[in-house]
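Naming follows writing order (A, B, C and D), and every chain is counted from residue 1.
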Amino acid sequence: MRIFRLINNGWIGNFVIIGNKVYVLLSDPITALKLYSEGKDVPLGPEVNINIDELLTKDYTYKGLRFTKPYDPPEVWGGSGIVYEVARARYSEEDVAMIRGKTIYELVYDAERPEIFFKGTANRCVGHGEPIAIRSDSEWTLPEPELGVVIDSVGKILAYTISDDVSARDLEAQNPLYLPQSKIYNGSCAIGPFLVTPDEVSNPYNLTISMRIIRGNSVIFEGSISTSKMRRRVEDQIKYLIRDNTVPDGTLLSTGTAVIPPRPITLMHGGDIVEISITGLGTQRTPVIKL
Amino acid sequence: MRIFRLINNGWIGNFVIIGNKVYVLLSDPITALKLYSEGKDVPLGPEVNINIDELLTKDYTYKGLRFTKPYDPPEVWGGSGIVYEVARARYSEEDVAMIRGKTIYELVYDAERPEIFFKGTANRCVGHGEPIAIRSDSEWTLPEPELGVVIDSVGKILAYTISDDVSARDLEAQNPLYLPQSKIYNGSCAIGPFLVTPDEVSNPYNLTISMRIIRGNSVIFEGSISTSKMRRRVEDQIKYLIRDNTVPDGTLLSTGTAVIPPRPITLMHGGDIVEISITGLGTQRTPVIKL
Amino acid sequence: MRIFRLINNGWIGNFVIIGNKVYVLLSDPITALKLYSEGKDVPLGPEVNINIDELLTKDYTYKGLRFTKPYDPPEVWGGSGIVYEVARARYSEEDVAMIRGKTIYELVYDAERPEIFFKGTANRCVGHGEPIAIRSDSEWTLPEPELGVVIDSVGKILAYTISDDVSARDLEAQNPLYLPQSKIYNGSCAIGPFLVTPDEVSNPYNLTISMRIIRGNSVIFEGSISTSKMRRRVEDQIKYLIRDNTVPDGTLLSTGTAVIPPRPITLMHGGDIVEISITGLGTQRTPVIKL
Amino acid sequence: MRIFRLINNGWIGNFVIIGNKVYVLLSDPITALKLYSEGKDVPLGPEVNINIDELLTKDYTYKGLRFTKPYDPPEVWGGSGIVYEVARARYSEEDVAMIRGKTIYELVYDAERPEIFFKGTANRCVGHGEPIAIRSDSEWTLPEPELGVVIDSVGKILAYTISDDVSARDLEAQNPLYLPQSKIYNGSCAIGPFLVTPDEVSNPYNLTISMRIIRGNSVIFEGSISTSKMRRRVEDQIKYLIRDNTVPDGTLLSTGTAVIPPRPITLMHGGDIVEISITGLGTQRTPVIKL
């Protein structure tokens, strides 16, 4: 089951893809995912005439309709699960904070406890086709393509999605104490286009995450990685997220990135498009604006 | 624009027919009618694959879906607008209450002020395909096929629908003081299948209201009348309904009947089907149960 | 327990009198009554410094506060329970509708089934100190002082209150089909000042209902009666009200009147005060306006 | 105006102290603060009989009532505003992360941009008399007594309060990437007892913040500091908090601490009481539990 939402003049409709057919979803997405995870019937309405492929094209509109985020996550959290081998190299160009001769990223890579951080609420998130943002005070902002996981309040995985943990890299590089300002602001997170139930994702540790940054007619960055290189299991991150910390049903965990554009690449206002694909989860395309 | 709703396991979806296409309606019905009446865009979703004709067949289900009332009216009121010539004869067989030599129905027929009565709330209403009811203490209950009018709080007509003002005729015949018990009870009102905007009803005073009562394989009653024989204008009834009486947006006024099955016909539990059609508003079919 | 509400600039507070102390009520009134009826703790806040006697004086304000209706009844119904002996005489001056030689009131008086009618919703009700209304098209409107009964959805009595079933007597006298217009309009019902739990009303059939109509400096009507003369038991009215008719928790039944000002008395705009007292339920005073 | 809330069996009441009198507050706290900040009337109910001093005693109950958090903050954020001189010394005993020879705390102290971090939502907060918590996986947890500031969505200061930014210091010391786990968990924040409007706080930069940790019959820590030593203005922190980051009305900013118990002090389960006072804002006392 793949859930998505379409928006028209501020009004939102819920839809679901089963097999190759699209149906109206009569409940809200979180309820549908809960029912599905319990083996109960999801309340489907009639089939709709939507050509998903056409709807997913670049200009994001289809007879007045366009995608929006596939649901309103009550809380979004980030994890560092996908600390691939490459992650060690991530900050080599920066003066990263160090403790006893190791960078804080090396330390967390080797530690039992993962990094978990708050990433925002629904109002800071956009959907496929909607603009992600560069902070007004950032000169170096990058997208971070990640496997997003929707969980319930006891940590059960309800769905997967593409999530873009957009980050003001310059703030983060200046001081790890600026991480919240780097991570949490309007337009700092993109999710969707779909919420995909676990049964449609045969192996979450064998997905290809790929990203392209398109500027005008050129692809200025292209990269991909397999989640097989994920060091930290999703379940392990969830365990720490919900330890002593009650989260609401539908909380989104963005599990960490490993596709990192090298310097001096930065997102730029006006024309940049970020395109992220994950095996089985579709392709998310977002324009870029500066606040 | 014709609005209808489909239900699946308690979850309800809103839909709209424009021309010969069916679309998802992204707002609630009352908001859509208000927007439409103000000339604003109604928030449509994608086209859906519904064969309305097929959905309107007798068994009321279509791939797990069935009609329900086209909206939840906050208040339902009845009027006596359709006091056709035949109405004078209506109660000839009964000992109708009289004042100064005239029956109360004759008096109201000749008076400037119409009869207006409270008919219930959404929880007393059913939709196309859902059972209307006979009170447990009634032996003579009849359907009353009527033109239903949806108004806003200042009396503007937002839509038309078929409404069935089911009435416990024996209670009513016993004493006019029993009218509320005759009129207001669970399952005493059926509305739909559609809410039809005024632009699709060329002339509300030139519609044919027809009704059939089907028992097993027989039609035990069949009758029809034209709203051209309506004595009291709808606007006149609305004027009295809202005079000094604030009603909420979406209030339904059922404008009075003139198709009256003769004695000894009564609805009966188990097998009876009431079928009401009004020009341009479709056909409403409801089974009958006894409470 | 006696519940009341105070209003200040549109904001409402709930309070409760236990013994001779007044406390803040932390829940809504209906929940408090339900808890109380089940023998559970009602959530009380701290004691408040209110001199109830002072608050109940004629000008209805006390340091910026005044009474409003003691709760928002989802539905209000009227009954004909208090059909005292006098009621036979009630309509002697009118040309009352008759069936087979008896007036409709005589018939209902002798019948097993009581009269039950819809009286409105919370927005048509006012509280102690707030104006009741005369319809713009009525020249003869009277208050009807009655014992009000708050019930839950299965008919259990949760509380008693004073209720004034204000009625446009001229509309009603013209034709019983005008009863809803006589009974249901803005300002047609006054309730309070208090909701009083059954344990504080030793015997509902031994209460004195008294009413005075005050015009300027004169009492133009004064009358009283005992509920011992009530012909129809409250339980009997409730039985018919909820038969096949699902009402919400907190529904108010106004049980019928027997204190009837003789002709030519009518309420008049500007200066009239209606004062109703019932043993143990306090005194309700309402000014009168014409719509 | 000082707003507080009392709880009884899960039901909550709003109250306000004006001068030396206590009144029922008829609106929710955030609305009251907004009205007050705009110079409009706050909807007061009657005066209540509460001896605040008595209510503020150690056992936290008063005739069945006790304090709870003075409102439900939609979002809580932490700042580093109160980076007093002492803060430089704060982490001297730890192996703090360093960049180019300076600790990250020294860097933020000298930088223009303050540290701002997400601290949680209402469900992670407790009130005066309710237990703050030690994470199940922390061995070194400390209270951080801070000046809390309630703002609206455009950053206007609506009220001050005492806030305790309880932190798992061992997680934080291990790696700054663990700051969110150190800061955000159930029971990690205490607010109240009061929301105090700015007019009652003559100079927010001249308040004494003092804290005692009481274990059994002993005071195991006692310390205080003046907000005059606050390096970073509250307004400056707010500016960064809301820059490109839309926060809801009523957001709480906890402005940073400077009263730091030395090692090896840690909060312990069962018996510890944290007592925080700020000039004009009252005293907050919270027991301690381990999750």
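List of remarks:
The definition used in the following text is that a residue touches a chain if its C-beta (ideal position, glycine included) is under 8 Å from a C-beta of that chain, and two chains touch if they have at least 3 such contacts.
This is a predicted model, so every value here is computed, not measured.
Common neighbours of chain C and chain D (chains touching each): not present.
Placing every chain at the mean of its C-alpha atoms, the farthest one from chain A is found to be C. Mean C-alpha positions place chain A and chain D at a centre distance of 33 Å. Chain B and chain D have CA centres that are 59 Å apart.
Taking the mean of the C-alpha atoms as each chain's centre, chain A and chain B sit 50 Å apart. Annotation for chain B: no residues touch 2 or more other chains.
Contact between chains, using the touch rule, shows up for A-B, A-D, B-C, C-D.
Listed in rising order, the residues of chain D touching chain C in the complex are 6, 8-13, 15, 22, 24, 26-27, 41, 43-50, 63-65.
Taken together, the chain C residues at the contact with chain B in this complex read 75, 80, 95-100, 104-105, 107-108, 111, 113, 115-118, 121, 123-124, 133, 135-137, 171, 174-181, 184-186, 240, 243-246, 291.
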